[in-house]
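Letters A, B, C and D mark the chains in the order given here, with residues in each chain numbered from 1 onward.
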Amino acid sequence: MFIRAMIAAAVMFGGVATASAQTKETVKIAFIGPMSGGNSAAGIGGRNSAELAVRLRNADPASKYNYQLVPMDDECKPNVGIQVATRVSTDRSIVAGVTHYCSAVAIATVDVYHRFRLPVVVWGAILPAITYGNEHKEIHRVNGSMLDEVRASTSFLTGLGYKKWVIVHDTTDYGNGFLRFFKERIAETNAEIVSSFGVSADQQDFSAELLKIKGIQPQIVVFAGLTPLGVRIRSQMERLGVDIQYAGVSGIMSASYVEALGATAEGTVSVHNGAPAESLPGGRMFVEQYGKAGFTDPAEPYGPYAFVAASLIMDAVEEVGPDREKVRDVLNATKDHESVAGPITFDDHRHHAVASTKYVAQDGHWVRWEDSLYASGQRHLKGQ
Amino acid sequence: MKLTNLTTSFAVAAIGTLLTGVILVAENQWAVIGALLAAAALSIVLARLKIGMVLASVLNESSAWVALLIPLGGVIIGFALHEEDFVLMMLATVLIYGLACVGLTIQFGYAGVINFAGAAFFGIGGYTAALLGEWGIPSLLIIVAGGMVAAAIGCILILPVLRTKGHYAALITIAFGLLFRSFLEVNHTLGGPQGLKVEGASVAGHSLLDGIQLGSFQASFYLNYVLLALGVFTICFILARNLEKSWIGVNFDAVREDPIGASVFGVNVAYWRIMAFVIGNFVIGLAGAIFAMMQNFIAPSNFTFSDSLIMLSIIVLGGLGNLWAILPAAILVVVMPEKLQEIGEFRILVFAVLVVLVLRFRPSGLFPRALRKFRREVAQ
Amino acid sequence: MAILFEYLFNGAVLGIMYALVAVGFTLFFGVLDIIKFSHGDVLTLGAFSGLVSFLALQSLGLDLPVVGLVVVLAAACIVTGAVGALIGQAFIIPMRNASGFNILLMTLMIGTGIREAIRLFYPNGANPKAFPALLPKTPIEIGGVFFRLDSIVLLGLGFGVILLTNWLIRHTKLGLAIRAVAQDGDTAQAMGIPFKTIVLATFALGSALAGIAGVMHGIYYSEINFSVGLLLGVIGFSAAVVGGLGSIWGAIIGGFTFAALQTLWVVVFPDASGYRDVFAFTAIIIAMTIWPTGIIAERYSERV
Amino acid sequence: MTGNLETKNISAAYGNAQVLNGVSIVARPGAITCILGANGAGKTSLIRAIIGLLPTIDGSVELDGTPLSSLRPHARVAHGVGCVPEGRKLFPKMTVEENLRVGAYLMQDKQLIQKRLTKVYETFPRLAERKQQFAGTMSGGEQAMVSIGRALMSEPRILLIDEPSLGLSPALVRDSFAIIRDINKSGISILLVEQNVRQTLAIADYGYVISQGKVVARGTSEELLNDEEMKRAYFGIQ
């Protein structure tokens, strides 16, 4: 506090604020995500990406402030999330937050941010209720919602002719949410969900479920959950001779899905909010810079959104200064704001809808469906 | 003699209050580590020197009313930091976990009934509060109901727990903890994996979620919860102390140390194990209800096996059966990981290593329980 | 009908893996009356050491079919055996007069430490890792029943290892010493059995079984991750306790019982598959009520 | 002649309770030395301290001049200390033969083990008939034979025997004392702990009386037997 006051005084009496970093006021931004436990890969990727945004901004001589990222671990647990959310919200030196990958945590903490008036931008959690379940002006989201994905996925898969679905979902809010929205969405089409299986997030063996599915003989198995489980289910389908097309949601779309499965991953289809980073002008920059920054862990698919969220906040601070309410108002009014994930526009619930992109795993990479050998007819999905 | 005891207790309370305040407020990592080292040094010195024995026995023999020093210290810290929301929240969390650990101490520390499902009973209290909160029932009643429901559901486990012992009993509570969590997750009537919002507590129509405002004095609403938790903690602490010192406590000791011998001398082992289990779960349920009200939100992932382990770590690190050790240990276990946020993804590893080291080199805990006086005399 | 055989077959593979873990728990309990809860995470360590040794072989160009399997199994056994003995030496033997509960909590925390260390220090350790297919995946179909060759080999391997362990315990000098220590440690010492050496050997043996189970797990599911041991540890412990601590056959019965419970639930109530663990653990609590010291009861007389 | 066991001033405690308080005894080569005393006098503690199961806080144990105090129990067995523990302490879920083989654990030579087994079966023909029976299912007398046989398997120079008469019928007690005498005649020194004063002193050459962890009297069997004071104070014989 004292040092900050000194700096402020120096700036005032010095008359001229030089561009050197030492004289710039430091502005703190919180990052919250899971950095330990089963979802830590995504959390660490997100933290690195937000850190990258901050470093790039600090390297930019045109920026008015010196930014500092305060990373916090929510362990993907609501109670821990509430604890760290309170910690950053009540720390007056923090202006805004890039918050949460896990939907349960994001939902649990919205009231905390509202109570302490901390504007936050969600970078990874996709349950619609995070923004649509409340009227809190502090909560924003850049990464789209589950609904966007479900919409894209349903029309994509039914369009390919898969009418008889089995859904395997994890029993967290993530998988359950998908199940609910898929059910609603499928009811509007001529396809049907013949059966659904809930599996716990730490389950290892799925032979009972998969053999049951083998008996049902659906046209497609849609998995709603995260990478570790998605990998286990896909590889066990192979082992048990369940020769049915496999589809996932954004939760399985990580580099480690194709790495861990090798050739077995071939032909898995999935959807993800937002176009591949590489295909956007800013996205290419992101991938390049991320590589240059020397992080040991990959950015993971939601990394770019953490980058975007941090950038949005810093843009707002540049505009109105480090004041929570002003930053909140600027964020609320975000419209067609350029970012590495394309232009960002918040709706009346401060939610940025994204057009989900369809992907297929091809030769060890996630490839945009339209660019794949499957779309061009050179390769075929199962049952095609 | 009485006077020196009281003075000593005051001194201990003052040092404890001071250290707690410093640890809670310290922002800087080095300050945290410094305070922890000071506490560790203190505990080692106390253990090595005779003064530690004296202190332990003073606290052990002191009247239960000395426990009133706890709310005194708590109120001092609370009001000194009345604007620091986060610090007060941590303080309240420490007190709530401490309360749950009073329950575990009655079960495991006193009667030797092992309970690896502490978090499950904590959760039962929380879910009770969530469900009853919707009906506008007075908050204090809801808290008591949380305890009663936890105690009642615990009764389902009594038969298997009574029939087994040792590691077999441990498995039963582990299995219960695991099934409780997966049940909440797959069962949608209780909010499913997404959890439930919980009404905050209110006293006399005044919601505890509103900050206190008395003239120019403005305080965080967490101060309300600190006071609430402090009140319930102190009551349960004093009751547990009286329990320990009464003939019931002697029965518990007998049942724990030598169940067969106890039954030979006419102690009804099953009866006392049931008593300890039920009373303990009641207290844990109370804690869960307060916790849910303070957090305003509960979800199944709050009540996992590892949360049960955290509670058990507190009572074992502190010193099994020593109620006085609960608060320092709870501060260590609850606050430390939060203060170690700077080391990010390494903090669980660091925490695990620390617990292992303490268990390895101080197996009876940082503040071992003093023996009953008559037993010491026999030994000498 | 064919699918029924597939259920049975895959249930058996699952059961044999649970049994291998449970046998470890039962051996540790046998010699020292303690529960070593780090066991599940030692299994993870075994799977990862197997993976590392395979990657090393691959970089040397030596990943021949049979050699690969042997080296991977050996590496897993050596690492888990050494770590198991080390945990015993450094943490359990010095503490053997402390309460069993302290050791339970301490080993739980050691397990957490191992798990977190793998996550943090193995490159990109938080994500699942592909495990090499060390056995031919040839599909086999007999009368509509689908198997893969490697599943059959794994099942055989599992049974082989368990029978070998049983033979070791029943018919070798080491086994004689292990049983003597398990039945009466003090007297065993007074008869000239080096207590500490035997306890550490038992820890190494039990942990090596977990190493084998880890490799089997990797091959069977083609994938490993840092938390595989967490649930396997809990299940292995449950299996050992339900079977009756201290009895090898109890551990095997417990392992298969658990696998059967899980499979049965999903087969009978597919729409409520999420409840399978609720069912399995409820069944365990009921079983413990009926047989308070396990299905194969631990027979010990109490001193009054 | 070897088998000279000496304890010099050993003390030991369970927690705060001191059970041995500077005990010095000598078991002479080729002799039967007995330790007498009431229940709780520290007799069994002394045996446990000699074999190394009870850590001593002071004093030393020597066998034929070799200090044993720093050795673990199994190493003491390797130096020639054999033990028949109180209550026989068989491994109940092992067969008779397995119990005997545990006694020979430190030996590598299979032929030698076989030879000793044969010898034990010759000494106790009854055991030869029941090689494959679980030790836990045998009668008290048979268990006593297994326990003694097991201790003999390691060919000790000195055999510590703790309360062989415990729980046996008078006839069996007579038998086991006869066996002990035979073993002694084959050249093994014996340190015998007993409460049964008359029968013990009848076969012992030398004896010690201990009480509350201290040696309170010593002497040849005759000396002790004729000491009226001792009888009254420690043996309860009127």
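Heads up, the rule we're going with is that contacts are C-beta pairs under 8 Å (C-beta built on N, C-alpha and C of every residue); 3 or more make two chains touch, one makes a residue touch a chain.
Because the structure is a prediction, the values reported are computed rather than measured.
Listed here as common contacts of chain B and chain D: C. Using mean Cα coordinates as chain centres, the one most removed from chain A is D. Averaging Cα coordinates per chain and for the whole protein, the chain whose average falls nearest the overall one is C.
Between chain A and chain B, the centres computed from C-alpha atoms are 37 Å apart.
A separation of 42 Å divides the Cα centre of chain C from that of chain D. Residue positions of chain B touching 2 or more other chains, listed in rising order: 182, 185-186, 345, 348. Residues of chain D in contact with at least two other chains: none. Chain contacts: chain A has residues 36, 40, 44, 171, 198, 200 touching two or more partner chains. Across the complex, chain A meets chain B through its residues 35-37, 40, 44, 47, 71-73, 76-79, 82-84, 86-87, 89-91, 103-104, 107-108, 111, 116, 127, 129, 171-173, 176-177, 198, 200.
Residues 36, 38-41, 44, 171, 195-200, 202-205, 207-209, 211-212, 214-215, 227-228, 231-232, 235-236, 238-241, 254-256, 259-262, 264, 296-298 of chain A are the ones touching chain C in the complex.
Residues 29, 35, 91, 94-95, 98-102, 104-106, 108-110, 112-113, 116-117, 120, 234, 237-238, 241-242, 245, 272, 274-275, 277-278, 281-282, 284-286, 288-289, 292-294, 302-304 of chain C touch chain B in their complex. Every residue of chain B that touches chain C in the complex is listed here, in rising order: 108, 114, 157, 159-160, 163-168, 170-172, 174-176, 178-179, 182-183, 185-186, 260-261, 264, 305-306, 309, 312-313, 316, 320, 345-346, 348-349, 352-353, 355-356, 359-360, 363.
Here chain B touches chain A in the complex through residues 84-86, 89-90, 93, 182, 185-186, 188, 192-195, 220, 295-299, 301-302, 338, 341, 344-345, 347-348, going by the rule given at the top.
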